[in-house]
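Note sheet for the following structure.
Order as written gives the chain letters A, B and C; numbering starts at 1 within each chain.
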Amino acid sequence: MQEAIGLLDILLLIMIRGLSTTLALTLISLLFGFLIGTGLALMRVYGPIELQWVSIGYEKIFRGIPLLVLLFIFGAALLGLFTWAGSLTNAVFVAAVFALALRSAAYQSELFRGSIMSIDPGQMMAAQSVGMNQYQATWHIILPQALRLSLPGWTNEYAVVIKDSSLASAIGVAELIYQAQAFTLDYPALFLGIILVIAIIYFAFTYPVTKYVGESMTTKLRELGLGGGK
Amino acid sequence: MMTKVIEVKDVWKAYDTLEVLKGISFDVFEGEVKVVFGPSGSGKSTLLRVINMLTPPDKGEVLLRGQSLMDPQADLTKLRAHIGFVFQNFNLFAHLKAIDNVSIGPHLVLGKTKEEAHDIAFKALEKVRMNDWGHHYPAQLSGGQQQRIGIARSLAMNPDVILFDEPTSALDPELIGEVLQVMLDIAKEGTTMIVVTHELGFARAVADEMIFMDHGVIVETGTPQHFFQNPKSERAIDFLHKLEVLYGQAETDIES
Amino acid sequence: MRPTSPNQLIGMLQINRIVEYLPDLWNGLSMTMGLYLFALFLGLGLGIVLAIGRHYGGPIVSRISTAYIEFMRGTPLLAQILAITTLPLALNLDTSWRIILQDIFGTPRITVDITILLCAITLGLNSGAYQAEYFRGSMASISGGQTLAAKSIGMTKRQEIRHIALPQSLRRAIPAWSNEAVYLPKYTTVAYFVGVPDLFSAAKLAAGRTFQSLTVYSLVAVIFLVLITAISWILSRIYNRVKIPGI
């Protein structure tokens, strides 16, 4: 009986401390990834050839390097860059955001570019036929449609980032798995149970989003005649 | 006394509340060519799919050479090999070259060796005049050529009867002739056929009996002469008139 | 310690010291490749089975396949590897099993123990779930008309799957499946967390020993970039060879 209560306490601690870190890491990284990724996509589609090459090179590099390597480049080799964050805890967190966001930007750029390219060229012609210039047509007609088309893909990217944020435990970010290891690594049976609970928590944060949000968005987009998703 | 190849006995079929077939019966004899026609949605495709049990009926029975296809003991897969089917959209196997589309049935289903199946396939391709095209993939062929491969695929199984579901209606007009010609050839060789088509010239040339369907029932049957000279029912007269407006009168035979 | 000239930068990176740890990285790379190939092919077999189960299976088989796929895709690979490699300890099983393999020079030095094996299996179990979805997508895209045609010439369901559906859907899946083949090498680095001596672990040791972490990790990044470019290139060659017009 006492042991059961102890286990619950530990779980609760892991939850409270770890889950908030995991969610903060995920959402901040996704946000910066979105800003950089959108910029890269626009450079790639509308930019001059030099910027297109920059964007292509960026995507290739950040999609090719394992996240763990990026985490150690920012969170170990270049940790000195983040001393402004104050404590070591904050510095590794910022480093993890850099690694996750820069990588996510590469994937989000590809996603957004795909959406832009899939907009019917007739939309551009129609916009110009009512007197918009190319810039207006892009800003008011093409990009809003492309953003909506990208929604299902973004739910996927969210799932990828939240799951992969677990790797940040390696550089000392105290997210869910780090907390679990800190408390229970020396008790294999306990550790196994807690890891399973944590896996279920991740599942609760990914599956409903990709399944229901992703699917309902896809259906809604179809209804709007924006044949998004597959 | 001619043998019955197919007997359709009081067949009913509904999709939910939509009654598509409402008591269809007819017999098909050895060597006979039956042409089924009627408005879109009248249940013609459903009837053909019921005959080879791609869609089992709700009620009624289909017999192949006296053997019921509804018999729970019957090996439907085996029996189906005796009934050829030619589809409106060809439905060729996209990953197989023309010759392999034709030989896969004899090899896998009839248990022929690869060489035997290849020979059978080659002969079938000759019949549809596609023997020079055996090494092309479906995507590399025109619609008319694809449909002829579809016919060869059925022929190679040496079936008791071949069902055609509007075999020319997905084709560009200039490609229809080559397919109809092949169908005429095999009809004249004595192949038993049930053909859903609105090509009245073809019907006039080879149909032993025409069946006019509307709203899931057989409204009128008769020889081509009967339908072209004095059809009885209002609906048949009306429909034939519409076809004539569309396609022109079926005065000229298309025999070579 | 801010670099002011290219020469100083090169001096700081100490590229000349790479030779010191290159052999270690090489050994790590062979472990990484071993994990990768094992997991890729285990995942391939499992993925095809799961996809067939989900697409063609009855209600029960299809639900089981779906549940497996969704759970594996919905949880972090790291959690899966930590859980499965802890199993023998948690269950008090014998963990002394190991085999020793020769490296390419014939020296016996590559040890495969229970953790490495479980790690490779988990990577395969995980990859299988992702691969299944690529195959299922391509299975769903085969036209229903071909299924009817296969039935109409008397093929059994099994023959139809084996001779009509699979040859087309497997070919069609290659471009999307290549994504998984390219993601997987990067995810093998998770093996580092359970102490498997892969390329990343070797790099981390070298970084600690030489205090040249930026150089070491950059070098590893370059190795992965080259590896992944090579894999994509090979796969596109394969696809072009088996490609059929119209599929």
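Assume a residue touches a chain if its C-beta (ideal position, glycine included) is under 8 Å from a C-beta of that chain, and two chains touch if they have at least 3 such contacts.
As the structure is a computational prediction, the values presented were derived from the model and not from experiment.
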Distance-maximising chain from subunit C - centres being C-alpha averages: B
Centre-most chain [mean C-alpha coordinates]: C
Interface with more contacting C-beta pairs, comparing B-C to A-C: A-C
Where subunit A and subunit B are represented by their mean Cα positions, the distance between them in whole Å: 56
Length of the line joining the C-alpha centres of subunit B and subunit C, rounded to whole Å: 50
CA centroid of subunit A to CA centroid of subunit C, Å: 21
Subunit C contact footprint on subunit B (complex, rising order): 52, 54, 77-85, 87, 89-95, 104-105, 108-109, 137-140, 150, 153-154, 157
Contact set on subunit C toward subunit A in their complex: 70-71, 73-80, 82-83, 86-87, 89-90, 137, 185-187, 189-190, 192-193, 200, 203-204, 207, 213-214, 217-218, 220-221, 224-225, 228-229
In the complex, subunit C residues that touch subunit B: 143, 145-146, 148-156, 159, 163-164, 167-168, 171, 244-247
Residue ranges of subunit A touching subunit C (in the complex, touch as defined): 60-61, 64-70, 72-73, 76-78, 159, 163-164, 166-167, 169-170, 177, 181, 188-189, 191-192, 195-196, 198-200, 202-203, 206-207, 210-211, 230
